[in-house]
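We call the chains A, B, C and D, going by the order they appear; numbering starts again at 1 in every chain.
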Amino acid sequence: MDGFESRRPQRIPQRRPWSITQQQTARGPGDDPRIGVFICHCGHNIAGYLDVAALVASARSLPFVVLAQDSLFTCSDAGLNQIRTAIAEHGLNRVVVASCTPRTHEPLFQSACDEAGLNRYLFEFVNIRDQCSWVHMEDGERATRKARDLIRMGVARAALLQPLTETELAIQPAAAVIGGGMAGMTAAGSLARRGFSVTLIEREPALGGSVRHLDTLYPNRTSARKLVEAQVAAVRAEPQIEVLTSAEVTAVRGSIGHFELEVESRQYRMKLPVQAGVVVVATGAEEWKPAGMYGYGHNPAVITQQELEERLSTGDLPPDLRSVVMIQCVGARDAHHPYCGRTCCLVAMKNAMILKEGNPACQVHVLYRDIEVYGTHFEDYYAQARELGVVFTRYTPDRPPEVVGDQGRAGDKQTPVPPGRVLVYDELLGATLAIPYDLLVLSTPMVPRPGARELAQMLKVPVDEHGFFLEAHVKLRPLDFATDGIYLCGSAHWPAHLDEAIGQALGAAARAATVLSKEQIRSSGIVSRVEESLCRGCERCATACEYGAIEFVDVTRSVEFLHRPMARGLETVHVKVARVNPMLCKGCGACAVVCPTSAMVASHFTGEQVAAMIRAALQAPAAMGEDHGTL
Amino acid sequence: MNEVLVIGAGIAGIQAALDLAEQGLRVHLVERLPSIGGRMAQLDKTFPTNDCSTCILAPKMVDCSRHPNIVPHTYSEVEAVEGEAGQFDVRVRKRARYVDETRCTGCGECASKCPRKVPDAFNLGLSQRRAIYLYFPQAVPMVMTIDPEQCTYLQRGKCGLCAQVCEAGAIDFEQQDLLLDLCVDAIVVATGFDFYNPAPLTQYGYQRYPNVITALEYERLISASGPTGGHLLRPSDGQPAKKIGFIQCTGSRHVRHNRYCSTVCCVHAIKEATLAWEHDHDADSYVFYTDLRGSGKGFREYMDRAGRAYGVTYVHGRVAQIFELGPGSDSAGETHKPVIRYEDATTGRVAEMAVDLAVLATSLVPAHDAPLLAGILGIDMDEYGFVKTEPFSPADTSRPGIVACGCCLGPADIPQSVAQASAAAARAAEIAWELVRPRHREKG
Amino acid sequence: MEPFEPTILTFACNWCSYAGADLAGVSRIQYPPTTRVIRVMCSGRVSPVFILEALRHGADGVLVTGCHPGDCHYLSGNEKAVQNVEMARSLIQLLGIDPGRLRLEWISAAEGSRFAQLVTEFTDQIRELGANPLRNGHMGP
Amino acid sequence: MNYQMIIERTRAYLCLDCGKCTGSCPLARVDLDYSPRRIVERVVAGEAEAVMASPQLWSCMTCGMCSARCPSNVDFARFIIEMRAEAFGLGERGIYAHNGILQEIMRIQTLEVHQDRRGWLTDDMRVSEESDTLYFVGCLPFFDVVFADLDVEATEIARSAVRLLNRAGIVPHVSNDERCCGADLLLAGDVDSFRRLAELNVEAITRSGAKQVVFTCAECYNAFRTDYPEYVGALPFEVTHLTELLAGHMNSGDLAFEPVPGTVTYHDPCRMARYLKVHEPPRQLINAVPQAHFVEMEDNRERSMCCGSTAWVNCSGCSKLIQREKLAQARDTGSRLMLTTCPKCQIHLRCASRDLAPEEKVRVEDVTSWLGRAIQG
């Protein structure tokens, strides 16, 4: 034996057998609720402040309560046994425990119900410790009165609880990865190594994405071409990966477990269906072109970093460059794009160092606002660049650099022209520098690829105000979309260094694998459901739903109608009704609030259940003929 | 079923464990402290959304503790690792809590009776706890721990009040450390970081001046669940702090301390300044920076907004020194007021600013026992003492089968750590899967 | 005569505010036993009807609590709560019920003391207003 | 309960099983399981409990088409209302639309409230507490809040009503003390709440000294004229619909309308069409507006089809089909503006129109607010 089980604590956290699928229990309520109430002393924690005997007596007098008991620790094995036994012996079909907080202990008691054959959603928790005995230690009498009200509320709700089903859905163990750059290839590779089949969809004729346009990569001057080639070879060699190049997603149907993508292949000149259980978005980003800024577009000596990169890789640069000026934050942190481009500082440093190493006599000036190199290695990289003699000059946005003279010195080697200069006010120096340039390189931020918005609409996932894909949660779900089954990595999310993009791609693969690893997934029972006959198809619920969990389907109804063609007798009309995908619904209940006809029901927190609690809370105890105990 | 060890249960370790467990792997989650949660549990809010840290972390902690595929080993440490990918033999020491985890309900009755008060490490010594304590209110597991160094009974055999009041009978003075032998396919290292102790930077007067505190101490002060109930009070006199100076790069980007950039401090300071404003709209904050760095998603907009609307002023210039207002100074009656001296870079002249509170953005440094753990795991560390990885292979350490994520790799913010954690989970799962795919693995 | 003891119905979202109320307990922060908490998954679930229903049945105050703006576990549920509570507020104003009996507050999972303080403060506020006049002559289901 | 009483009061025992009611019922056309005849027959046959437990009990819109056409003069609408009252006593409820918020608003008004409901009045309007004429506003201020998403412009009806009354030389009293008329509660089985509201209203109006009460809402008007006398006794004041009152002023010359060009049609609300049989006054007023081209719908006056939903219960996909039909009838007139005299018909039909394709949309407006624009120029 591996001793695994034996080492596990027995009570909290609550444990279930290793099998992830839990036992479904069919037993629901009978005709009439038979409620058992179990009141916990929690040692001194409750019993030390509240009159538990009085609580038991008053609970016993409540409607539908057939049993009320107390115990020293309801969460102990003895306490749980007491519940299990009582369910069997007294034919309980609802269980109420009054003790601590559902946030930590609800699953424990739900499991006890499960084990005794009672659907776990027929359990109701009443918090008389954290929100009662512990906060009213000085006034046991009023605290007991409050606890009695809370128990009455719990019992009132319990009487209306319904057994809920946790829907199971078989998962198609395949992934579709959209975007065949480094991120997409990495994600596809990881999923394939995990044993899942992957369709990798790339718009361009070749895999590799934006890294294909680069020369070398920081921080170690890896050849971009070699890295891409190696990755492409690995992807091509992986039998589990099907690569579709010159292919674009044109439609997406389905949801987690069963997506169907329609992919238009220019290669095969046809639309191919791609089936997948999950989708990974890795469509990348591209360099923004600063048309009209600093002479870009009409002055051939003004280029972008990516254009410099291409020239470096083709060797298409004059050998006698004497002065190169790089301007950072062109179109970033300004009215064009309010954000920082994240990668541009390092790109500039790397290219500056290459220029400097190739020709130490060449002056390289980097005009920056803030040097965005964070972490360990990048900061060193910055130091290296300074060491090599790259000059960093800070400018402020209210006095941006200015280009005078229309042409760089390298513009025409035969006939010298008056040199172009970049004027920059160095705030830290308190002076304006005039820096001659042969080549002016503009560092611009990455922007979303064209088509990103359309893809987002197809997938029904959001993009942010800049057009980058918007993750489910900025802090804790950076690689997920709010809609389950769709994941995100690389610069499609936000400009990323290659290292980061690769890490995110692996991460997105892991997130996707959490779904694909299961033969089936199980929803919570607490999901909204639709009473179809009441649904008017107005779509207010879908507007309220953040998770894309509600879709509308056409159903046909036979009607004796309609209007003009009176004599036609029975005819069929199409009406739109809402359907809730229990795999996507998170049970927040927002849809039920906006539904005009009560067609949408927020299970486990229905209007009736809440109303019953409200009434029970405010009911004068005397009116109920309830036993007051000693109060 | 294949098993994986995750070392460290901060947000990175928790995420890695959940991603692995959800892929059907069994996870042993080892945490040195009495509760999972890590550094994030000490934070009040998180940038750039000002999300309440506990609100978003606690559900993940609970998920972790309830997951049928995860066994948390809290108050435990890895002592030895042998073998290779697919067959690591790991020894874990589960330290004695002197409290039976299966009985304790975390009610705290014992702590209320315990006579021994000691500084509370979770609150960085800003408040006191007892010798028997809950690590923090939302601790998972919600069980008490006895500090053997401080417990009068364990030290001198007297007292035992806790055992007397515990109705669950959970106190066990006889409890011994437990040694667990695990066999795992892969190991995820997520041991996080420590904050640099700024004492060597004597020019900032940390610990000499009461109103010079670190950013993490500030975090506890402003946290609603912290020692002052979320009121930003000066340690010297308990008066509200109205003017706050944030001293960036305390120990970072400094060749004699830590030459790297600690990545999170700029936005972190701005968040703390924003919180000061949220608590008190009259509060003014000054952030003294070298470069104002914030290239993460939404960070720059966050910084700009703070500067525009939340009373935050950015001052370019690394602080040279902090003084205290002396007795003979202009503001009579004001004692312990830190005075920040810096070069006003726009004029090139030295300037001084008196503040109520000076907050040091101390570097993120490798965990103090990182070298020890590196030895146990047999993995290479980089020149800064963080776990070493190769470019473009961000999760893999030098030893096959061992992967890493979070701040043990170097300073990272929360979303980076979470993404890295998922990446490490992917690599660990690949390793475990590689072993079952050929289906020739022998029984161990 | 005993001083007027208000009854306050509190709706608390599962993720932040209910956790905040629990934290008040774990921290043993004392507050008046005037409130009865109804847990819902999200403050956005609190339909205006719940609020009116509570007032009709005699609640002296209704406190709706949720995650701070931007913190909602369900992304925008607390924004929906703002709209719903505003609708309820407009209606009770028309009905001549003092809008001071209804409050919407954000309480995070770390704000145990804030929960306690709010209940204390709201209790005092309701004591000022006196008992809900709808308590007199209640009828209907 | 002795269901025999209900059967007798509504003459249900005379049912010939002819099915004229079902054939006339707008609901039965879209809900093929619904048959007024069968409901009556089941109760007559002694299966009242089954009917009480059935959701169908709450689906009837009480539009009265069946009763109007029944060869035996069985009052089916009343039969349903009385059965609902019985079912209500047993704890049965219809499915409340809008989560029951309107029922809450109504029931709160049975209690000790001091409403503040006159915020819609503007300075140009003349009102007087001393007036002999009380304008009964009904739920309009509440509708503006509850149906903000539909932009129902409910209080615009009230503003127009006061302006029109002023123009006709009447300075009405608008009271904070009025309560909901309670009709929707009565129709949903809650007789006790209805009776209480009726008592409170009669008491408040009597106290105000008003001799005449004017309504813009067909439902309120019908409640006062038909139901109040039955439940709380003869009223010590006159009641009239604004359109009736204004139509009476037409010849006096103090009501002259500015031109409002365009084609309009008119939807007779069930209460006006079949309960009170007030057909002509709204039409006279519409026709008095220069350049307004009035076209009748195929089904008008006593044939007018219901707006699809009543009493804020059991609104459903079937309601929407009925509403779609109603809107289609309106489009057939060539008009894209359908006037009515019931603010609830306006809400229900606007709700349905909201979901139609742009080319199918029909604007639904109260005659009162439309006329209000005709006097403002």
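Definition applied: a residue touches a chain if its C-beta (ideal position, glycine included) is under 8 Å from a C-beta of that chain, and two chains touch if they have at least 3 such contacts.
Predicted model, so just to flag it, every value in this text is computed and none were measured.
Least step count on the touch graph, subunit B to subunit D: 2.
Among the chains present, the centre nearest to the common Cα mean is that of A. Averaging Cα coordinates per chain places subunit A and subunit D 48 Å apart. Inter-chain centre distance (subunit C to subunit D, centres taken as mean C-alpha positions): 36 Å. Between subunit A and subunit C, the centres computed from C-alpha atoms are 31 Å apart. Counting only residues that touch two or more partner chains, subunit D has 98-100.
For subunit C, the set of residues touching two or more other chains reads 19, 26, 28, 47, 49, 53, 73. The set of subunit B residues touching two or more other chains comprises 49, 51, 56.
Contacts between chains form some other arrangement here, matching none of path, ring, star or all-to-all. Those residues of subunit A lying in contact with subunit D across their complex are 531-540, 557-564, 570, 573, 575, 577, 592-593, 595-599, 607. Contact residues of subunit D toward subunit A in the complex are 28-30, 32, 95-100, 149, 314-321, 325, 328-329, 332, 351-352, 354-355.
Considering their complex, residues 2-4, 7-20, 41-45, 72-73, 75-76, 100, 103-104, 107, 190, 193-195, 217, 219-220, 222, 227, 333, 338-342, 370-380, 383, 427-428, 430, 464, 468, 473-479, 493-495, 498-500, 502-511, 513-514, 517-518 of subunit A touch subunit B. Of all the residues in subunit B, the ones that touch subunit C in their complex are 44, 49-56, 58-59, 108, 112, 134, 137-138, 223-225, 229-230. By the touch criterion stated above, subunit C contacts subunit D in their complex at residues 47-49, 52-53, 55-56, 87, 90-91, 93-97, 133-134, 136-141.
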